[in-house]
Each structure stands twice: as structure tokens, then as C-alpha cells.
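What follows is subunit A paired twice: with subunit B in the first complex and subunit C in the second.
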Partner chain A sequence: MSSAIDRRLTLLLLALLPVLAWSTDNNFHKSILVFGVVNAISAVGLCLMLGLAGQISLGQAAFFGIGAYVTGNLVTKLGVEPVLAIVAAALGAMVLGWAISRPLSRLHDHYLAMATLAFGTVMYIGFANARDWTGGLDPGMSVPKFTVFGHDTSSMNALFVVSWIALALAVFVANNIFGHRIGRTLRALKMSSPAAASVGIDVVQAKAFVFAIGALLTGLAGGLYAFVARSFNAGVFGVGYSIELLMMVVIGSLSRVSGAITGAFIITVLPILFDRFEDYRTLVFGVTMVLIMKFMPTGLVDGLFSLGARLLPSGRRE
Partner chain B sequence: MLATRDVSKAFGGLKALSTVSVQIAPGAITAIIGPNGAGKTTLMNAISGFVAPDVGDITVNGASIAGRRPHEVCRKGVARTFQNLQMFSEMTVLEAVATGRHLHRRVPIYAELLMLPAAWRAERAALADARELLALIEVGESYWERRAGDLPYGYQRRVEIARALATEPAYLLLDEPAAGLNDEETAALGRTLGQLAARGLGIALIEHDIELVMSVSQQVFVMDTGAVISSGTPDEVRADPAVVRAYLGDAHAA
Partner chain C sequence: MFHLAVTTRPYRAAAKLAKLCAPIAMMLAATASHGQETIKIGGIFALSGPASFLGVPEERGFRMKIDEINKAGGLNGKKIEGIVYDTEGNTTKAAQQFRRLAESDNVVAIIGPSSSGESLTVGPIANELKVVSVTHAGTEKMTVPVTPWVFNTPPTDRVVAAHLLGIFKKRGITKIGLMSAADGFGQSGANVVKELAPQYGVQVSRHEEFNRQDADITAQVLRVKDSDAQAMLVWSAFPAPTIILKNAAAVGFKKPIYNSFAAASKDLIVQGGANAEGTYVSSMRLLAPETLAADDPMRPIVTKIYEDYKARYKEAPATFTAHSYDALLIIEAAAKKISGPITRQSLRDAMETVTVVGGNGIYRLSPKSHGPDPESRSMVLLVVKGGEWKVDE
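So, the complex of A and B:
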């Protein structure tokens, strides 16, 4: 499947979201959509790191947390304009991502997974204990309503629009990366780092770049999350969220932006749909994940495409 | 001139290179031959920055590159291919070669992220250059959009050479480019190398195929157990008893 199809599918998903948002008056459903959009921005970041460059990160929740807490502190303590606070927080996460990639640049695969997991855990402990800045686990942090130049824009509709614009920007940049020079550089890194170095690619710098951009997008999502949730504690930024993000990009499709968005919505929405199973919720969710991975090991998007490709020609033959 | 001067390298107790001095001239093919374990690949890794020499110097036109990292060596105009293919398997052939063109791309990162017109222009130019190189190296157009890892072995070797050439090197190091090629492909490779040298490229050829070496190279260095034991034109080297001894053992010398 070509990247052109991925691009079209991504645009289709982007266009579908506002239709869904405006087809419901239920504020709870709308809030799920907004959380899905926020998660999708995070997932696009991890998709660039893991899918393109082969750099696994189990510490993404740390960047998400930095995004949320920097935003919250800038707004509550310094009275910074919310949109500027989110941008500053995303840039802060980017710097942290860049810095953390330097000592990790010699690690691959499961060693990198362990190191980033450790990073995420340390950051989580930091979030839980730096109570002056984060409110720790209890009482947590409260963030005022989202405003743009003093206008109240805290309705779910307004938050959806803001998050959707952020996702659209993330997708635009991710698509530009995927098919062109930066994407080739990152893919070269994943396929053969000796060969990448032999054509003049600075492998350490390229890894730092992808960590920085992954952290930037996840930090951006964290900043938006602060205004959507309004009240949250450090528990949100534990290892659990890092694993959820990993599931999003693996379930959707590791190698495409549309997969990251699809995965983000599946992982956001499915547990809520499964609420009716009450005590068996986690079990049903787990079994669903195992089944998807068993029958569509390259992810749902690729799986559905190859299924469609198999069904269509045979349909014509009959 | 690309030159090593008294380069030595030991891995633990094993002396892989001892005081090796070779010169690779521009516009010519210089072969480096020797039995297995002679240190040829280690020498190539030392020149291209994958292994740092313990002592000795490596210079490109007088400027030292010893101990530089691989991407820095490439930026100094020394490109290489690999004995065991290091292909960007999941890319198309065209993309794999275009990746070699990044080195000379002067488009700021924000323009690449936003795909501003400058980035589109550079992208089109890179793909056009890649097509030109693939044509030069005789990889047919029908292969260009195929997954690089799916190509026949001989074609992947050529794509590796095209990728290395895309960095516009002054010197090209080829590590056993004829390994796994049939006679016809080997002959075609020899012709291509001759054409490249005629354009001014300095080629270092590590090769087991003695016929290819003797027919295309102007200068030959023979290595054995980490040291250069003979050098000269192909005919001089062929007549050197030390070379015969290294390849066939003492009984055949004389």
C-alpha cells in the first residue's frame, strides 16, 4: 500500500471527526471524541518514533505529563494566555525529549524500551512528589477554564475545534515527514544504521530529532489534556498511559499516520463501549486486543485493506 | 590522494592491522587483495570511520580523517559499500538512492517540515539525480519503484554503489562488490568501475575475484595477516614470490 493511500485515509479520518462531533448533543460523547483527538496527537508522535525510526519509547507519559503540568503552572501561577502556555509546554517537552535521547543513543530495541520505561517511571515519581508544582496524587491539579484572549472557549465544541486544529497540524507535519527527506532519513536509521552513517546521516542527531518531535507532539497533547480534563492527578501520567499509547500505534498500524489515529480512537472508545461488561471489561478488552494482533499482526488499517483487497477481486470473479 | 600512514589496529590480542600504508589515487582503481583474515575489511572500516585506528593517520588530500565518525568521513568525500549488503530494504530503489542525495541538500529543517517550495524543488532534484545514477549504474527503469530488498542480489549491489555515488564522493571504497555475481555481471561491473575512474573517481577495490582485480586495477596492494606484503602494478604483484607464498603456502614459492 502506498503512502498516498495513507494520506487520503488520514484526511478522511480528519474530515470524519467534526461530522461525528456535530452529530451528537451528548456532552459525554463529545468529551470522548476530544480525548480521542488528544490521544491521536500523542499517538502520531509515537508513530514517528517507533513506526518510522524504529525507536521504541515506553516513557511517553512523561512528555504528556510535562505538557499538562507546564501548561497548568503557566496558566495558574503566571496567568499566561492558555494557547501560549500549551505551545510553551510542548516546546519544553521537546527539549526534554532531545536531552533524554542523547544518553540513550547507543541503545536499541528492548534495551531502549527498558531505559525509556525507567525514564517514564522516574518522571512519574517526580510528578507524584513535586506537590508544589503538580499537587501530586492528591489533591492533584486544577486548571481554569480554557479561554482565548479572555473569551470563554471551554465548551466541548470549542475544545474539540482547538484539539482538532492541533491534530490537523500534527498530521500535516507528520505527512510531510513520512514521504520525503526526513522520513527517508529516519527509515534509513531503522533499516540499517551503518548504511545510514555511510551516506552521511548523523545517526545520533537523527535519533535526537525524532525523540524531540515525538516529545513535542505528546507534550502538545498533554497541554490540551490539561484544559479538557480541568482536574487531574499524577496517576494519569504513569506507565499505564505509555503502554496505552504503544497499543494505539501497534493496533492501528505501525507504519502509517492513519493507523495511529485509528488506534487512538479504538483504545479511547473501546473501554467505554465495554463498560456494559462491568467486571469483565478488562478481560473483554484484552481478548479483543489479542484477537486483532492474532489476525491482523500489522495492525487494523493494513489488515482491513488486505481483507478488502482479497474480497474485492474474488467478488468480481463470481 | 586518499592515504593511510602506518595504521595499526588490535582487537584485544589480535593484531588486525600492523603499520599499514596504502595510497588510493584519484581517477584510478586501486585493488586491495589478500587471503581471508588479511585485514582488508578492517582497513576499509578504519578508513570509513567504523573502526578507530590505534595509531597512524588517514588523510584525504592531506587533511586527516583518522578517528572521525562514519558520517563525517562521508562528508569529507569518502563513500563506501558493504561486504554484507546493508540495503534500505523497505524503501523503493529510487528512495534508497535518493537518501544518498540528502548530504548535499541545503534546505532548512522548518522548510522540510512544512514542505515549502524549496523542499519540493530539492525533493524533485533528489529523485531526478537518483534516476540518473541508477541509469548510469545500469539498473533498469522497471526496478526503480520496487522494494529495494526484493531485487536480485547483483542489482542490490549496484543500488548500493549508486547510493554511495549519490553522496558525490571523491573516493569510493568497494568491499567485495563482485561477491555473488555471475561472470556476466562481474564483467559489467568491471566496465562500470572503469568508466567511473575515467571520470576522476578514486576507487579502492577489495576483491577475491583475482581475474576482475587484474583486469581493471592500475595499482594493487596485497595484504596478509594484517600487513601489506607487496604492492605495484598487477603484473609486478603477480610475479612477487611473497604473494605466491601468501596465497598458496611455502611449498609453491620459488
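So, the complex of A and C:
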């Protein structure tokens, strides 16, 4: 399917979010939207890595954690302007992503999954024990209210606007990568890295690039998370979050930015809706995920497209 | 989203998805319809995940006490509607569910969450949204310093540490080997023990850490054995305390082993078997009500919780049941002092004036104290003798 449709769908989703945010006065609903937007930024990062370049990462929570802790420390210990702290944290995560991609560049598939899983686990243990910097698992870290040049912007509405702008930036970056030469390079890498190398693509550099971008976006999300949650402990940055991100990308659509955003909202909102099932909540959630994967193996967005194509009598297929 | 696309034609996949959606809609409708003339009280507990050993007994205590109050006519004539959500022990989820109870369900008070980390997360939100919050944190940071809207029912690690260090002082133990779990509970406990120890003339001559789920902790036990410690103090939730007992027996560690309140459970005896013999634990009274002294002021209420729980759930309660039970006891006592409608503000103001004898000890609440204090007599030292808990003070 063409990327033009994906781009339009992504813009539609982006436009829909503020409408949703302003249609409710309920701060709980708004906070869910804000968490959804933060997760969507992370998911767009992983979508580039896994969906576009075929580089699986089960260690994204580490970049998310770096984003949150660097932001928190810069703001609380050095009094850095919050927005600058988030930018610095995202860049810090990017450098880390670039650095770890070098030793991992020879690995692929399961081996890459295992290595990134190990990286995520090591970083989690680091977060839990570097108590001077992170507060460990208890008491964790507390971050002051979010301000922009001294103005209090800690209300849910303001946080929504800030995270929405960050998501729009992430989408802009992702769309540009998808549509340009580097996107085609990464797609070639996904199909076969020896073949890509044979036509003159610098495979190591391309992998480092996509790891760095993925880490940058996830780090950005982590920085925002610090101000949305205000208080958090290392438990948030365990392997669980990496797996959740993977689910978001896979459930939505592996090959689309719009899929990553859709998936992020499904994985953020669905468990809360399913709370009504009480004891059966986890079961219902699991069965839903299995059904989506069984009947829409390429993700919900692709699945709905093909379902729509089958339902339309004239068969306006892509 | 998939509603629209799906219902037009009966594809098998579509039909299954639609079936799945129907109960969601029904559930949403059902919860929206009931609930006039009730007082809503919310509970957020770690009903699943690593902290569920805390959350499950807390939720049961919550339901049990609400049913009891409702049977007796409710709070000032109004029935309580209890709404419970699961936090999975995750700080992000705890914050979300807390906001949900406060802003979507409009409860007057929120009881829980179960762990210290989650409680520390919701504390600032409670003060921001001005909703009564009775957390179940083991860390004193919840109520030191006191903030207007946050109360806490479990004895803090400071209370437990002071209790155990007081016993060490009384028994002439001046050097201890501290063993703590490398998690929130262990980190917080170890910090408090190290801070308070000098006041009791006790020296931590060795401090070892381990992971709560470790299958073997022999290395750390040996290091404590080789030190000059006169006793070992273990600060961890299960299963580590039983592993340590097993490892200590295997390497011939003969000195006394003391445990924090997290090991105060019949599991220590069941899993530890013969190795548990002679082990001490600083416990809340609910573990062994029948061994309490006849004149113990908490004995009647502790016995009542124990027996009600056993009748309803067919098993002995974990001590954590009293955390949520006591929270509702405090709310019940406060409601009796309110003449007008029960609102968040009137409830909060009344809660600061009550003195309540609960399962966790005596709460003397005031604008300066929002939880148990070292004089609450929350803890009692138990020892395993002949496969049973016995009071040893």
C-alpha cells in the first residue's frame, strides 16, 4: 500500500487527538490521552527500527529511562529549563543508541532480540541501583512541575499540547525517513543486509542511524513522561515496557507510522476499558491480542484496510 | 474502531470481534446506571503482579469491612459503594487509576495503593485533586512531613526498625549482619535501619543485598557468618526469607535470625519447615491473635478481623488485610463526627480528630500525625516454636 495513504491517515490521527482532548473535561481521560501520546512517540521510534529497518529492539525501556532520568536530574540538580532538559535527554539517549548499535551491528533476528533484551535488563538493574541519580525502586524520583520559561504549564491541557507537538515532530521525522533515500536504504537492509551491502550500502552506518533515531524518539518520550508522571520509580523502565512497545508496533501495523500511533493508543486504552471485567481482565486482553494477530497478522490498520477492500463491492483495492 | 468495519457482513473474524465488544458496552452501561444516594469509596490495590501478595488481602479486607458497614446501615445512613481497580504494582497504572477514581468515579476517599513506590506516586496527586487518600506504604515518607490529604495505615519501616533495634538493645546485641532485598522495600528498610542503629547502640557490621527471587543466597549468608555479627536481620518479602533460613541451616549459621514484618506470614513456617524453628519476626498482631496477652488493647479487634476473614475466605488472613480494614475503621469513626453531608473536605477534617484502635495498632490522628507512630504498639515480636508462632517479648 502506498505511503501517501499512511501519511494522510497519520495526519488524520494527529488532528483527531486534540479534538478528543478538548471534548472532555475529565482530567483522567486527558491523562490517558497524554500517556497515549507519550507512548506513541516511543512507538514511532520502534516502528522505524523494526518496521522499516527490520532491527528488533527489546531494550527500548532503557532509552525511555535515560530520557526520564536525564531530564529529572538536569531539572532537579542543575535547574535546567525543562524543555532544554528534555531535548538534552533525547540527545543523550540518541548517543547511547548509536553507541550500542556498534557492537550489535553484526547481530540480527533472534540474536539481536536477545542482545537488546540483555541491554535493557542491564540498564534496568543500573536504574534500580544507581540510587544517587535515580532514587532506585524506592523512593524513586520526583520531578517539579513542568514550566516553559517560568510559566506554569503543568495542567493536563498544557502537557497534552506539549506532548502533541513532540508527537507531530516525531511523525515529521518518521515520514521524512520513510519517504527519502535513507528510508529506501533501511528497507533494503530489512530485506537482506548482505544484499544491501553488495549494492554499496554502508550497513553498519545505516543500522547505527536507525538505532540512534529510535533511541532519540524513545528518549524524547521518556523526558516527557518524567513531567507527566512527576514521580516514578525504576520499576517503570523494566522489560515490561519494552514488550508493551513491541506490542503497540505489532498490533497497529509494522510498516506504518499510523499503525504505531494506533497501536500505542490501543495498548494504552484497552487495559483500562477491560478493567470492567475484573478477574478476567488479563484473559480478555490476551484473547483480544491473539484474535487480532490471528485474523490480522499484519496489524490492525492493514487488517482494516484489507477488510474494507473486501467489503467494498467495486473492489477499490490498493 | 473495528465496530464500524465489522458489523456489515458476517465474516467469522468479524463476528468474533463483535462478540468481544458486546460485553464491554454492557459493562460500561451497567456501571453507569447504579449509584444514587451512596457514598463512593475507591480502592486501588496490586491485585496482580509482583505486589499481589499485598494487594489481594488488602482488597479482601476492603470488601469485608464495607459489607459490614453496609449491613449495619452504612455511613450516617448512606450505603458505601466500593470501587476497586488493579494497579499491577506499577506506578504509572497506580497514578492513572487514582485519577480515574477521583475524577471519573467521584469518590470521597481512595484506599491504597499497596506498595511504597505506588503510594509515593499518588501522594502529590491526592493533594492536588484534594481527595482523601489512605495509602498502604511501608515508608515513612508518606506522612513525614504530613500533607493535608494523605493518610497512611501500615506501620512504617521506621516503626518496625525501631521495634527490632529496641529488642536488640534489650538483649545485648550490639553488632548485626543486615540482609536486605535489592528492591524498593529492602532499600528503604536498610536505609532506615542504618540511620536508626546508632541511637540504639547497634552497629551494622555487615550489609549484604540479594534479589528477592534468588534461588540461593548462600554467598551472602556466609559473609554475615564470617563477620562479627551477633545476629542476622533479614529485610525482604518472600520467598527470600525462607531461602535464607535454608541456606543458613546448610552452612551451620547458629546465631539468631530476625525478620522484618514482610516475613510475618504462615508461609515462613510452611515453607521453612524445621529450618524456621527459633526464627524471630517483628509482626503485626493479626498473624497470631490467639497468642496475644489477654489485656492487649488490640486483641478484640484483631480477633474480630481474623475470625471474620476466616469465615468469609476460608483461610487465615495475611497481616496486610488490616491496612485497608483500618483505613475504613478510621473513615467510619470520622463519619460519626460529621453532622452534615460527608464530603472530601468534611471527611478529611474529621479524620484528623479521631483516635482509633485498629488491627495495626492505635491511631492517634491529628493535623500533625496522619498514621501510626512508634507509640502505636503496632508491632509484636513472634518466634517460631514447635511449628507455631509465639509472642516473645
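Here is the rule we go by: the second predicted complex is superposed on the first by the 313 of 318 C-alpha atoms of A that agree within 3 Å, B and C clash if a C-alpha of one lies under 4 Å from a C-alpha of the other, contacts with A are read in each partner's own complex, and residues count from 1 in each chain.
One rule holds in what follows: a contact is a pair of C-beta atoms (placed from the backbone, for glycine too) under 8 Å apart; a residue touches a chain by one contact, two chains touch by 3 or more.
Predicted model only: the values in this text are computed from it and were never measured.
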Subunit A as common anchor, with subunit B and subunit C clashing or fitting: fit
Which superposed partner A:192 touches (first subunit B, second subunit C, both, neither): first
Partner chain in contact with A:281 - subunit B first, subunit C second, else both or neither: second
Touching partner for A:203 - first (subunit B), second (subunit C), both, neither: first
Angle at subunit A between subunit B and subunit C, C-alpha centres, nearest 10 degrees: 140
First, second, both or neither for A:111, with subunit B first and subunit C second: neither
Superposition-derived comparison: subunit B or subunit C, residues of subunit A touched: C
Subunit B versus subunit C as contact partner of A:22, first or second or both or neither: neither
Smallest distance from any CA atom of subunit C to any CA atom of subunit B, in Å, after fitting: 27
Contact residues common to both interfaces of subunit A (with subunit B and with subunit C): none
Interface residues, subunit B side, partner subunit A - complex: 48-50, 69-71, 74-75, 79-80, 82, 86-91, 95, 98-100, 102-103, 105, 107, 109, 112-115, 119, 122-123, 126, 160, 163-164, 166-167
Residue ranges of subunit A touching subunit C (in the complex, touch as defined): 26-29, 31-32, 35, 128-129, 131, 136-140, 142, 229-233, 235-236, 240, 262, 272-278, 281-282, 284, 287-288, 291, 294-296, 300, 304, 307-308, 311
Complex contacts: residues of subunit A adjacent to subunit B: 172-173, 176-177, 180-182, 184-185, 187-188, 191-192, 194-203
Touching residues on subunit C, where the partner in the complex is subunit A: 1-2, 5-6, 8-9, 11, 13-14, 16-17, 20, 23-24, 27-28, 31, 48, 84-86, 89-92, 95-96, 99-100, 102-104, 116-117, 120-121, 123-124, 129, 139, 141, 182-185, 187-188
